[in-house]
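One chain, chain A, links the two complexes that follow: it is found with chain B in the first and with chain C in the second.
== the complex of A and B ==
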């Protein structure tokens, strides 16, 4: 066992392939930023639907949130990659294909938009109604009230919760390797197929992800805490 | 409609077999996660010398993606520790370890939320520290964290789709196998996705109902 343990923590193999593996990690970051943008944009829209006065809009927003919050991300990625192109192709009467990267971003973006929608909604509903009245009293339009009064406060209030969701989203980007998006896990399994030595490679991959997520999440929490303290004590 | 009948309804036995494996893995992982999380939490809070180890384990389980952990447990642990020797065991073990890290932090929050006065009341009627923990702190904690524990079960169910990657024959794997046999993914994958969404929705609805019930019955805020 001690031999195996030594081999497991021996980073030589990981170091040998560092270039291709780091490119994989960069791809993780790329998928993360793309799907986080989708998730934030769609999540904000869903949240605005959920706090709308008209019930059909509220209903659509609720449906969106319940659908995507309860969906496992792996099956959503598989569905978007294998089923959605066929459905769209049938609809448009032509063959449709897109690269796995697009499927990954769309699927992860929509799944996490459900979580972000709830975070946005909680933030929006925590704004005192008096702030909205104050805006109306000085003649702001509804849109101005949203962008100048509501959202700036919402963003600050939702930061701690949003940080947790960003961490979950980054962790979820590891499964995009399963539809052959060349992220770190994909590169690791490719190297394992040539070298036949899962021990050091999977261990180093796990430790790399741990280090990245632990450090980045800690920094984000610290920064958001400081920023919140600076803006309203 | 005939496609749905041919690809989903006529294959229902295979899919239900997969669903049962999913439920089995999730329940084992859930039980393991509750016990493991409670042990990690107690070690972290009350066993001074082992505290750094418990914190390191909790942080590692929490900050490593479940997919990476799954591959690690399935392919590295057998060589490292000679166990787990089947992929089924590796599946629930990885799911359980990940959730035990989260549950340890949930339990800690729950234990810290028990008012000091409750403990002191126990001491003042002559209970030993162990009695205070078993009769006062633990029941109160379990009550406050019960909804969060149910939520953690939905996380396990969602992550359990990944054990199909290490060939555990769960619902996801059976669905993917059917897709490979028939080359018609639309109905099979849509039905599978719908089944998962419905399952997770029911579990989280139960969690919400439990939280509401606790709030009304015991006047507790959700942890």
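== the complex of A and C ==
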């Protein structure tokens, strides 16, 4: 019995296909970094709209946050890949399609931009207004104040929260196999189809994700703690 | 020839909603003069100071820096129009400001705080700015702290860094907004003595303060604000010796033990 179990979870299969699987994992990283960049950039813009003095801007920012934060990433990926091209195609009167990778990055990027927008907003609002006054009194422009005084502090304050969101986003990259982005899960499924041994492969895939996230998130937390401690003594 | 005042405030008014905080304030500050502003909380002292460098936009009235109106500019055709923010920023450089809460930027070192604006706003090279920064820190006797972060300094030291930060812009005048009000009594002296040194070197200063000792011996003129208006002004001997206004007398009696 225990021999059969050991045989069933033997990770040798994973080792045998390691190159294919690592290529898959690299693709996860690729999707992760691309969608994280989109999420950070769009999230920052939405957050700046949310703290704007003029209400139409605030309204657009809020709409963005509510729309994307409340949309399941699974459905967003499917929608961006299959529905959006159809809609645009009908509007423009021609056939439109884009590679699965683009859909995955856009969908995940926008869903997570909703979360990052809220993290950015909370960070921006936690900066004492006096810090801004001090910049203005020195003749700094609003743009210089944003990039030199506000955002550097926001980034430090939001790092712990952002680390959690990066972990969620990295986990979410596993569902891009759904639209045939050749990530780790996609490669695992392919190998399982030929080898017919789901147990060791899926288990190894789960352990791989665990190990990667554990190590990277741990390192990030350690670094951010050190970085923050210097300032908030 | 009539000297143009360093700062001229004309009929300044400021309302927040229905609350009139400033109700027509006018005065001149001449080059090298130190003017202390005293008065109860809510009398409009801080708002007045913040209107001078336009951290608050006045509801009416005008502030002139070396004869230049801060809120408006007069075009070649003689028409005056609202001054754009870019130009207001440029004029603000000439007015150093020190806040009650210090407002140092916690993510920068002491020297970083001092040289930030000279580099970004004046376009100084990092090397020149460092030399200037070290010089300004020496003026507030904090040369040895230049690579510390603000969180590691005492309140008095932080406020002296804030003074150095304002000095680094080589301002024509300095505005102090209750610079010692959030300091422990034993830390106020180090800040006040730096301010006295500045005054001794001929810096034009407007100081909002509750430190009557400083107002009495370090200023050329004292203004007593009440309800958004200048209730009484004059040389310190007059204000502290024989105030004409009953309100001023009442206010000062609270400071005498």
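To be clear about the criterion, the second predicted complex is superposed on the first by the 226 of 233 C-alpha atoms of A that agree within 3 Å, B and C clash if a C-alpha of one lies under 4 Å from a C-alpha of the other, contacts with A are read in each partner's own complex, and residues count from 1 in each chain.
Basically, a residue touches a chain if its C-beta (ideal position, glycine included) is under 8 Å from a C-beta of that chain, and two chains touch if they have at least 3 such contacts.
In this text the structure is predicted, and so the values were computed from the model without any measurement.
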Legend entry - Touching partner for A:137 - first (chain B), second (chain C), both, neither: second
Inset, instruction - Could you tell me if A:30 is touching chain B, chain C, both of them or neither one (first, second, both, neither)? - result: neither
Legend entry - Per-residue contact with chain A, leading partner among chain C and chain B: B
Legend entry - chain B versus chain C as contact partner of A:79, first or second or both or neither: first
Inset, instruction - Considering only touches as defined above, state whether A:4 meets chain B (first), chain C (second), both or neither. - result: first
Inset, instruction - Check the residue A:178 against both partner chains and state whether it touches chain B (first), chain C (second), both, or neither. - result: first
Legend entry - Which superposed partner A:148 touches (first chain B, second chain C, both, neither): second
Inset, instruction - Using the touch definition from the top, say if A:230 reaches chain B (first), chain C (second), both or neither. - result: second
Inset, instruction - Check whether A:67 is in contact with chain B, with chain C, with both or with neither, and answer first, second, both or neither. - result: first
Inset, instruction - Report, in rising order, the residues of chain A that make contact with chain B in one complex and with chain C in the other. - result: none
Legend entry - Residue ranges of chain B in contact with chain A within the complex: 59-60, 63-69, 71-72, 75-76, 79-82, 154, 157-162, 165, 172, 176, 179, 185-186, 189-190, 192-193, 196-198, 200-201, 204
Inset, instruction - Under the touch definition given earlier, write down the residues of chain C that touch chain A in their complex. - result: 53, 55, 85-86, 89-90, 92-93, 95-97, 99, 101, 103-107, 116-117, 120-121, 149, 151-152, 162, 165-166, 169, 175
Legend entry - chain A - residues contacting chain C, complex: 128, 130-131, 133-142, 144, 148-149, 152-153, 156, 230-233
Legend entry - Residue ranges of chain A in contact with chain B within the complex: 1, 4-5, 8, 66-67, 69-76, 78-79, 82-83, 86-87, 167, 170-175, 177-178, 185, 189, 198-199, 202-203, 205-206, 209-210, 213-214, 217
